[in-house]
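Note that subunit A is present in both complexes that follow, paired respectively with subunit B and with subunit C.
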Partner chain A sequence: MKGNKKAVRYNKWGYIFLIPFIMVYVVFQFIPMVTTIYNSFFENYMSGLTQIGPRFVGLENYKNLFAQGDIGLYMKNTLVMWIICFIPQILLSLLLGAWFSDVRLKLKGTRFFKTVIYLPNLIMASAFSMLFFTLFSDGGPINSLLMQIGFISEPYKFLSNVGSARGLIALMNCLMWFGNTTILLMAGMMGIDTALFEAAEVDGATSTQVFFKITLPLLRPILVYVMITSLIGGLQLFDVPQILTNGTGDPMRSTMTLIMFLNKHLYSKNYGMAGALSVVLFVITAVLSLIVFKVTGNDKRKG
Partner chain B sequence: MDMAKNEGQELNKGMGLHARRILAYLVLITVSFLCLFWFYVLFINATRSNSDLQSGFTFIPGGNLAENWKNLVNGTLPIWNGLLNSLIVSTCSAALCVYFSTMTAYAIHAYEFKLKKYIYPFILMIMMIPTQVTALGFVQLVSKMKLEDSFIPLIVPTVAAPVTFFYMKQYMESSLPLSLIEAARIDGSGEFRTFNAIVLPLMKPAIAVQAIFTFVSSWNNYFTPALILHDDKKKTLPILIAQLRAADWLKFDMGQVYVMIAFSIFPVIIVYLFLSKHIVQGVALGSVKG
Partner chain C sequence: MKKKIISTILCASMAVSMFAGCGGNTESTASEGTAEETAKDETAAAEESADAEGAAETAEGGKVLNIYCWNEEFKSRLTDHYPGYTEIDATSGTIGDVTVKWNITPSDDNAYQNNLDATLLKQADAAADDKIDLFLVEADYALKYVDTDYTMAVSDLGIDLAEFDNQYQYTKDIVTDSNGVLKGVSWQGCPGALFYNREAAKEILGTDDPAEVQKAVADWPTFNATAEKVKAAGYSMVSSVNDTYRVYSNNVSSKWVEDGKINIDANIMNWVNDSKALVDAGQAGTHELWSDDWSKGFYPEGKVFCYFGPAWLVNFSMAADSEGSIANLGGWGATEGPQGFYWGGTWICAAAGTDNADVVKDIMLQLTANEEIMKEIVVQDDDFVNNKPAMEAMAEDASYQSKVLGGQNPLSMYCAGAGKIDLSNQSAYDQGCNEEFQNAMKNYYEGNASLDEALELFYTAVQEKYPELTH
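Let's look at the complex of A and B:
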């Protein structure tokens, strides 16, 4: 009885220690979220120097958002760039992860390689993008290098062609994220019971068989986690294309992402449309997060 | 017959292993080259003068680094201010974030209270929500609070960082026994003192890793600061980079442009090289269960 009382007295400290988190969360995340949703139901923008609204318009902003069709284009751009970044990234990460975690292979210098492949993840995305902009500009070092070795006879306009502009953005993102993915997958592979590999070896399985029949199936929860979090990250694609194209999304708006679109509305103070777009993005991420939550939740129950 | 078959298999596997090792090294070297090449070119170009840069590409550094640097510092971009601002914002964010995230994790880890079973899943749920989707309300709030051009809206929100919280919680589960806290109570230590004097020192490895991650992500952050900071004296490095991009860059001395990029990238690379072991381990540790 007495011990119980004491525990209760201590346990109020649980609430006390939570105060900073809750307060900051409510002020800087919850209230902004509510006002963002609130804004999405109001007409509120600047037409020249005159302020239009705020006036309640119900779902008008959402209707306009989808009727204009831009959101579809930007969604497509974002997804296309995510896919051409994610496919090589996951394949390379699986391969490297398998090699790093394979004890029989006895690779030397893995620490060096891990250090190098993780490095681009810490680089300031805007500076990295500015670097690529200068390197791949029409008179930049890459073009002069390619011309010096006789690969091309005149500068290739990397930033004026849809394919190469999207490709560059995907390349930068891939470079920045494959090291991180490799380390996540490697940690997952190291967590697999080594007895399984030994048993497979005794049965004479080749390393390809081991990879496809043991490693990959057991890695599925982590793979789903990596894929969904990468998709959530991909939807937030902003710094790299914003700096590379100076916010225009050129050529022909083919590299304009959803967040760049949002950023544009925020700068032009078109708060109604920005609100509607934010809510759409919020709903998409919430659904994706729920999937992650389910996957990792299941994983936890198992072990 | 059986033995011969076995031997053949062994041999086959042995060869396969050898070939696979060579393949692995080839791929690793190619990939490492792809990761480092850009920074090497950046380094080379930062040391060359504008006219050298126009005349074509070379792999040998030039002797113009000091000159480029001088031109940049005396130019129109307030880079020392930018560096100082970035340092202030990132350092304060990292300090506040790790201290309060540890505190939040401790509240969930060490105490039993009624709302715990709702609060813990709630924090995990909000973990994935990107800051961009609440940016509109955030900007309006900041302007209502008259905090534009202030660092407070960039620093204080890191107190509520679900990802850091989650890492700390995971770490506590593996290395902070509750019996230790019991013992401190018996010795008459107050709860707040126990947290500061016993829990925090035990969490040092986790705190170091998360401090680095928070510092770097704050250092690299472009979206939010660009919406909040408008005064030239208050701008952080990523905003200056964007300004450099938005300027009519052909008129620029390209040597200066490269030095500016190098100036934002290389400090992080150097710090990383010293701490890489802990960082890479930290990524792996935090990942085991997402």
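Let's look at the complex of A and C:
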């Protein structure tokens, strides 16, 4: 016992070093989260300059949220747009990642290209969507171009058709994020033991076989991680469709995402409804995070 | 050891990025909790201070005059016509020894009102030099501000209301609160007219004489029949169906909201039916107003027959300054159109708690009651000012010619229009309802929804903006 007391103990330093994180977390994450949940039980909004509430209404906000039935539509929109963005994005990233990390190809200037494909991510999403809005407007350059080469005779209303509007949003997101995904996947691929590739080569495997039998299976944890983070990011899709459709989510709200719906409630500073919607989003995100935690954490083969 | 150093650095950088990452998205949530509490206190406080200010009137002049507005229009009026205003740079100027600070926030996405609301709610606690002294409102949402204690009664500024006897009654009705107190003034009247492309009129109707053109657009059935001829000549009748919206919506016989229920007037439904026909026949587009596609018709290549608008549309918005535009060439003509209407207008309101009441008072008087200055505005800026005798005198004056209208004097037409404007069917919800109605109907016109679906969308969108309403 006595000896224990005399021994130098470093435990307290652990706690001291944790303080900054805990403080930041509590002030900027935990307290806002709790107040959001708290707010979701109140009727609380502004009508003009007059404050209505706050009045405790229990689960009324949640009931309204689901009774209107639109939340399902917005969830579907969000997921559809995420899927049509994610599939081409992951394919493209896998291909580029495989090329960049393949030692046999000896590609020149990979550093340059890695930078270039990451660049679209640095443009502000709002600037990017303004650009697309102008390019694809009814009288915009894309329409004039298509009409000049005789592809169409009437301007095609890209933003008034469900398919093209969603497609444009997915395309922009894909362009913005495939560089990031490529770099993540490439990091995963470079972590694979080169001895495996060499052994495969000695055994006479084709590069297709190497990719599907060695690279992909060993890349699985990274792939799952990329997918889940992308899904969480996709759920929070907001800036691109908001700017592109001027906040309306046209046509017929088929491009309105969950966060755009949340933003609609901020016009009247409706903290009750916005809070309820945020809590629903929080639950979905939490479930997804749990999945990623389970999948990557329980992968015994890694160890 | 090396490893330890590296890991420390990594930890530090992680912590820093945490800070950076968390800051943004939490700010808004963090303020949620406090906003509700402070809002209450401040309403009470503002009421008190409103009373106090009202009594104290023009005590001591402050050093800074804060003006809140959404574009450069009022600034250019003040710069050009207010005696004693000196411009320093784009966001500031001086009047005597008072510094004028412009706080310009665009109206897009409600940004102007959000900013104004937030600042007004904090008005009672703000330092004297940070208080809003003067802010501008538009007709669509004037009642939202006028019907509160955040706006000061004009008479409390020490202005004799008789000064405004020459103003058009409707401009006063808009900014009169539910107790009948006048709380703002405007220098402009906004009776609307139909502006037609003279070249196109000659080509299609064989004349560009306003009286003759009027016959082709005298009422909606004739208007729609003309649209066919216009289409045959390769023009669109109007740039967008949203152009005609105001003309219908100003001639309604009921309010948007009656007893807390959303109500769609019969004349609004006429707009829907007429517009659907125009769009289906390819005689009009569905662009939003102010979009690039909408303003293409400001140039001859845009091939648009007419626009509906008030005086400020021609003067301020139709690219009169750029080479090659129709306005620049003086190629527009003006006529009354199918129905009378007004559009927009800017009202000057004094914020309760202002420390520059005397300056605000003088700005109001000079710009809205000084006949000399008002005439100057008409001549220099083609605006229609809020002064009945002055306008009527100028309407008679053959020497006054509007450049953008190819030398036409449109004032008698505006004068007649301004007298007829009836604002009895205004409500505080007009802005949200008008915007959302046009947004929702766009889906119907473009064939993405049936009429019922589009109406349902309209109700949903309005209830999101105003949760207290039902339908």
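In this text, the second predicted complex is superposed on the first by the 260 of 303 C-alpha atoms of A that agree within 3 Å, B and C clash if a C-alpha of one lies under 4 Å from a C-alpha of the other, contacts with A are read in each partner's own complex, and residues count from 1 in each chain.
As a convention for this text, a contact is a pair of C-beta atoms (placed from the backbone, for glycine too) under 8 Å apart; a residue touches a chain by one contact, two chains touch by 3 or more.
In this text, all values refer to a predicted model and were calculated from it rather than measured experimentally.
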| said: If we overlay the two complexes on their shared chain A, which of subunit B and subunit C does A:Q68 touch? Say first, second, both or neither. | reply: second
| Which holds for A:I84: it touches subunit B only (first), subunit C only (second), both, or neither? | neither
| task | With the two complexes superposed on chain A, say which partner A:T36 touches: subunit B (first), subunit C (second), both, or neither. | result | both
| said: Just checking: does A:I52 make contact with subunit B only, subunit C only, both, or neither of them? Give me first, second, both or neither. | reply: second
| request: Considering only the touch criterion stated at the top, classify A:S268 as touching first (subunit B), second (subunit C), both, or neither. | output: second
| request: Please work out whether A:A187 is in contact with subunit B alone, subunit C alone, both, or neither, and reply first, second, both or neither. | output: first
| query | After superposition on the shared chain, which partner residues are touched by A:I214: those of subunit B (first), subunit C (second), both, or neither? | reply | neither
| request: Applying the touch criterion given at the start, work out whether A:M256 contacts subunit B, subunit C, both or neither, answering first, second, both or neither. | output: neither
| query | Where does A:V162 make contact in the superposed view: on subunit B (first), on subunit C (second), on both, or on neither? | reply | second
| Partner with the higher number of touched subunit A residues, subunit C or subunit B | B
| said: Identify the residues of subunit A that lie in both the subunit B contact region and the subunit C contact region. | reply: 17, 20-21, 24-25, 28-29, 31-33, 35-36, 39, 134, 139, 246-247, 271, 275, 278
| message | Which residues of subunit C touch subunit A once you look at their complex with the stated criterion? | response | 11, 15, 18-19, 22-23, 26, 29-30, 32-33, 35-36, 39-40, 43, 109-110, 117, 120-121, 144-145, 147-148, 150, 285-288, 291-293, 296, 428, 432, 439, 442-443, 446, 448-449, 453-454, 457, 460-461, 464-468
| said: Help me check something: in the complex, which residues belonging to subunit A touch subunit B? | reply: 7, 10-18, 20-22, 24-25, 27-29, 31-36, 39, 92, 95-96, 99, 104-107, 111, 113-120, 122-128, 130-135, 139, 141-142, 144-145, 148, 175, 179-180, 183-184, 186-188, 191, 204, 206-207, 222, 225, 229, 232, 235-236, 238-239, 242-243, 246-247, 259, 262-263, 266, 271, 274-275, 278-279, 281-282, 285-286, 288-289, 292-293, 295-296, 299-300
| request: Enumerate the contact residues on subunit A facing subunit C in the complex. | output: 17, 20-21, 24-25, 28-29, 31-33, 35-36, 38-39, 44-54, 68, 70, 134, 137-140, 157, 160-162, 246-248, 250-253, 264-265, 267-271, 273, 275, 278
| In the complex of these two chains, what residues of subunit B are touching subunit A? | 9, 13, 16-17, 20-21, 24-25, 27-28, 31-32, 34-36, 38, 41-42, 45, 53-54, 56-57, 100-101, 103-104, 106-108, 110-113, 115-116, 119, 123-130, 132-141, 153, 156-157, 159-160, 165, 185, 191-192, 195, 216, 219-220, 222-223, 227, 237-238, 241-242, 244-246, 249, 254, 257-258, 261, 264-265, 268-269, 272-273, 276-277, 279-280, 283-285, 287-290
